[in-house]
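In what comes next, subunit A is part of two complexes: it sits with subunit B in the first one and with subunit C in the second one.
Here is the complex of A and B:
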């Protein structure tokens, strides 16, 4: 099957090259059939990438270890669902996923625009196929996922245990969907600039793709944050790591883009800005993909394959030079139709929001690439830490939240005093009341958090007020009951009201971030069974140790050492938590011995978490297993002595018995363990805010019923016209 | 005021503000950064009181745990020079012999003291060519 997969990739590369030629030839000669053939090449690319991806998935699910990447990233003891996800934990598999998703979204975009933008589409096709050719070429020449070994190993290395977490299974497909979806508006912007057709039509045609890209990338980022919080054993959700920043950069410029296009649609302004933003976003999406593979920056993720650096840098350089050339050479066509009349207008607020978002992107970009910049300037690599990022991102975030409140309701062109009073009186009052309530509650220690929560309350009040006013107006007109009126209101303008829900979600998320970073109680301590420690308002007592072994497919998948903790407040029971730590075997049996390898492989924290609407109690444990060493050595010697006498099956059973004995010995007489305790307020608000953002994004993305009806009517009219033409 | 003149003034004000902010950002990034060095670089030129971002690999068999303190040595990626690091607090899950680590350190006596919560261990399998045995 490996040859089938490899064959699909070679065909995909050939199809891309042909499609680029056909599209450009069709555009140059005006022959529609060549353009259509180019479009069909994109569909073919999708089918070929899907077939190749299916071959790889089957190999992972069936544990076909003759495939080199299956052997190095999966094992029979890896649970089936994680085996499916292991395909994209490898460099090669993740590039194939990129190609597959690019084919999927490009096909969808070109199918939907097959009768529109006839002059722009051929060039957009060529750009999309250019990306396809690049990734297909990488897969064929530099990172072949279908490499096979002549002698298949009997067992694979297994998926990195840290990645065995539900959110982590869908995190990469979400991120890559975001990256590849941004390729669509990028490609159409290039097409529009090439043919100098820079009105709002290319934006209208690809708006939904920009929104979908923003949505998927946002989902991916939140899932990554959740994984970090629940799985990595340090209790944080964001660390300004280069890899996190790489996904945040296109998301920030993409957020600016989906706002500023509204100005171009409504008033024909900001054309240069929009074209530059979407081109920058496309470049940043590829830069993000490159960054996580190049090893050029020090990150928590180790990336071995720096061989891909040169092709990626070439592609990025080409994209930058091409984008600059297009924007500069088309600057006459991109001239604005109107100017900002007043600073007190929606245009100005949106422009402000864009400047802040791009400012944030610049800060993140500078901080992320600072090691390279400093090496170029001073000759020494140096890095900036989270405090540096916070110094700039926090004030910018405050302004952003303020503009989130102002933007949706301030009048277009020029706001009057009466208009502003009507729009902002109640939300401003909500902000002031929140501020007073927070001060009364004694939450004044962190001024930044205080301002942030006040501004968030203002922004939420603006969105709720708009929903309320719209619903009331609809009720007055149609006489519908309130819930129905609200649903009809949202259905009639999904982008607008979905957007408001997104704003509420972002404000809720920021409240969570502000509170949890300013008012967190953290405690690292070593406890013996029976001992207690105080974390904020809570007393935590180490009640007893636990342990266990997990067997899968006849082999011990992992061993676990854990604890039972009792959490009380003022003597009252709050919850019982059971953080534990799982140990997976190292593959180096010869170096560590069959028993010892379980203590020398990967270990992951399963945190003990009591999540609440107001406060999370989070705990992780690092057991001390050094006392077990004599028993581990004894077990290894026993297995060595009996090796020749036992069948493999009997050996597995004996190993499981030895490990079982070891872990129960630990639970009976546990040594002190190292704990990390966190009591963080409002962390749940981050996830709740994320869910609201997703819900709002889905509402905005969902095709409007009216549009569907319009399309059906247009299709019917076209059919009738054809029939009449024939008659 | 003439609208085009007003627009020009606004543009100049906005650009000046942007340039000032960008300069502050650039200046602080150079002054607030910690130099990223290898163990051999640290041995050559470590000054007392300065913080460094040390990157390298954990020397096999060098990890000693005492209470919540972990002592270990970090060596160059491709070489033998190594420095001793004393770190207090929880170490990340993938922390092991031979793993690549990044830790913010400060010189103290003959060795180096790691800043709490600054130790990161590189995730070993994601996108790496070969898994470590």
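Here is the complex of A and C:
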């Protein structure tokens, strides 16, 4: 099967090269059949990448260790669902996932535009196939997922335990969907610039893909944050880590793009800006892929270093130079049709929103690449930490939330006093009431958080007011009851009201971030069984230690040391938490011994979490296993002495018995353990806000079949009338 | 399996060639184009006929042979049928490969690109 997979990749590469040639030849000669043939090359790329990906998935699911990447990223003890996800935990598998998703989204985009933009499409095809050729070439020549070993090992290394978390199964496909979907507007922008067709039509044709990219990337980012909070054992959801930042960069510029295209569609403005934004977003998407896989920057999320630096840097350089050339050489065609009439207008608010988003992207970019910049300038690698990021991103985020409230309701062209009063009186009042309520509740310690929550209340009130007014107008026109009018209103204006829901979600998310950052109680402490500590308003008592071993397919998969903690407040029982830490064996048996290797491999935290709408109580434990060392050494010596006399099966049983004895000893006579306790307000609001954002994104994305049919029907009816009138 | 794998790859190659070359296979394309022209001609004729019916119904109404309510009903029905025909005509319209019929922007694009 490996040969079939490798064959598919070679065919995919050849198909891409042919498709690029056919598309460009068709564009140059005006022969549509060559362009059609090029389009079919994209469909063929998708089929071949899908076949290759299927071969790889089958190999992982069937634990075919003759495949080198299966042996190094999976094992028979890896649960089947994680085996399926292990395919993209490797560099080779993730590049194949990229190619597969690129083929999928490109095929969809080109199928939907097969009767539109006939001059732009050939060049867009060539660009998409260019990306396909790049990734197919990497897979064929540099990172072949179908390399096999002459002698297949009987067992694989297994999936990195940190990745054994449900959200991590879908986190990479979400991020990669986002990255590959951004390739679509990028390619169409290149095509539009090449043929100088820079009206809004290419934007209309690919807007949904930009929105889908934003949606998937956002889902991936939130899932990654959730994983960080629940799995990494440090208690945070965002660490300004380079790999996190790599996904945030195209998301920020993509967010700016999906806002600024509205200005081009409505007023013919910001053409240079939009073209530059979408090209930048495409470049940042490739940069994001590169950062995740390259290991050029230290990250808790980068799972392996890569040798693909030169090809990726070459591609990124080519994209930057090509984009700059296209924008500069087409500046006459990109001239704006109108100018901003007033700073108090929707155009100005959207422009401000864009400047803030791009400013945020610049700050994130600078902070992320600072280690490389400092190394290049001073010869020493220096990194900037979260306080540096917070210093610049917090003020920008405040302005962004303010503009989130202003943008949707301020008038086009020029706002009048009457318009502003009608639009902002109630939301401003909601903000002021929130501020007074917060001060009355004594939540005034953090001025930044106070301003953020006030501005969020203002933005939420704006969205709710618009929903209310829209529903009232719909009721007046149709006489429908309020709930039905609301549904009709949203169904007929999905983009607008989906967008408002996104704004509400962002505001809710920011409230969660502000509150959990400013009012968090944290405690790092060492406790013995029976001892207590205080975390904010809570008393936490270490009740007892727990331990266990998990056996899968006859082998010990991991050993666990945990605790039982009782949380009380003013003497009342609040909850019982059971954080533990799992230890997975290292593959270096010779270096550490058959027992010792369980304490030298990867370890993961299962946090103890009591999540609530107002406060989360979070804890992680770091057991002290040093007291077990004499027993570990004794177990290793015993297994060494008996090695020649026992069968492999008997050795496994003896090992399980030794490990069982070890964990029992730990639970009976536990040493003090190191704990991290957090009591954080409103963390749940972050996840709830994320869900609202994505619900809004889905509404905006959902194809409005009714509306499309209605518009088409109206168009045909008008045509009938016109043609009848001419006759 | 070793023998089967190259066969599977060759079959895939054949499939890809078939898929990609379909628009270039002249004979089939020409026949398809002729069939399409014929279908288009039929639909154009049907459209003209429907337009005629609409005009006649209006004439009947203007000359007192039809009540306003009846005319509106018939007119709505006929226009709906005309819309269906127009839709089918548009569905048949394939991308035209001839450069002469491409838009002026495309021509300038070729110069620019």
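Note that the second predicted complex is superposed on the first by the 695 of 727 C-alpha atoms of A that agree within 3 Å, B and C clash if a C-alpha of one lies under 4 Å from a C-alpha of the other, contacts with A are read in each partner's own complex, and residues count from 1 in each chain.
Here, a residue touches a chain if its C-beta (ideal position, glycine included) is under 8 Å from a C-beta of that chain, and two chains touch if they have at least 3 such contacts.
All values derive from a computational prediction rather than experimental measurement.
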{"item": "Partner chain in contact with A:451 - subunit B first, subunit C second, else both or neither", "value": "neither"}
{"item": "Subunit B versus subunit C as contact partner of A:32, first or second or both or neither", "value": "second"}
{"item": "Subunit B versus subunit C as contact partner of A:90, first or second or both or neither", "value": "first"}
{"item": "Partner touching more residues of subunit A, whether subunit B or subunit C", "value": "B"}
{"item": "Partner chain in contact with A:48 - subunit B first, subunit C second, else both or neither", "value": "second"}
{"item": "Common interface residues of subunit A - those touching subunit B in one complex and subunit C in the other", "value": "none"}
{"item": "Subunit C contact footprint on subunit A (complex, rising order)", "value": "1, 3-4, 7-8, 11, 15, 18-19, 22, 27-37, 40-41, 43-44, 47-48, 51, 114-115, 118-120, 123, 194-197, 330, 712-713, 716-717, 719-720, 723-724, 727"}
{"item": "Residues of subunit C defined as touching subunit A within the complex", "value": "1-2, 5-6, 8-9, 12-13, 15-16, 19-24, 29, 51, 54-55, 79, 82-83, 86-87, 93, 95-99, 102-103, 105-106, 108-110, 112-113"}
{"item": "Residue ranges of subunit A touching subunit B (in the complex, touch as defined)", "value": "72-73, 89-91, 94, 157, 159-160, 162-163, 232-234, 241, 292-293, 298-305, 339, 359, 362-363, 366-367, 370-371, 373-374, 377-378, 380-385, 387-388, 391-392, 524-526, 581, 586-588, 591, 600, 602-605, 620, 622, 624, 626, 674, 676"}
{"item": "Interface residues, subunit B side, partner subunit A - complex", "value": "7, 21-22, 25-26, 28-30, 32-37, 53, 55, 65, 67-68, 89-94, 96-97, 100, 102, 104, 116-117, 120-131, 133"}
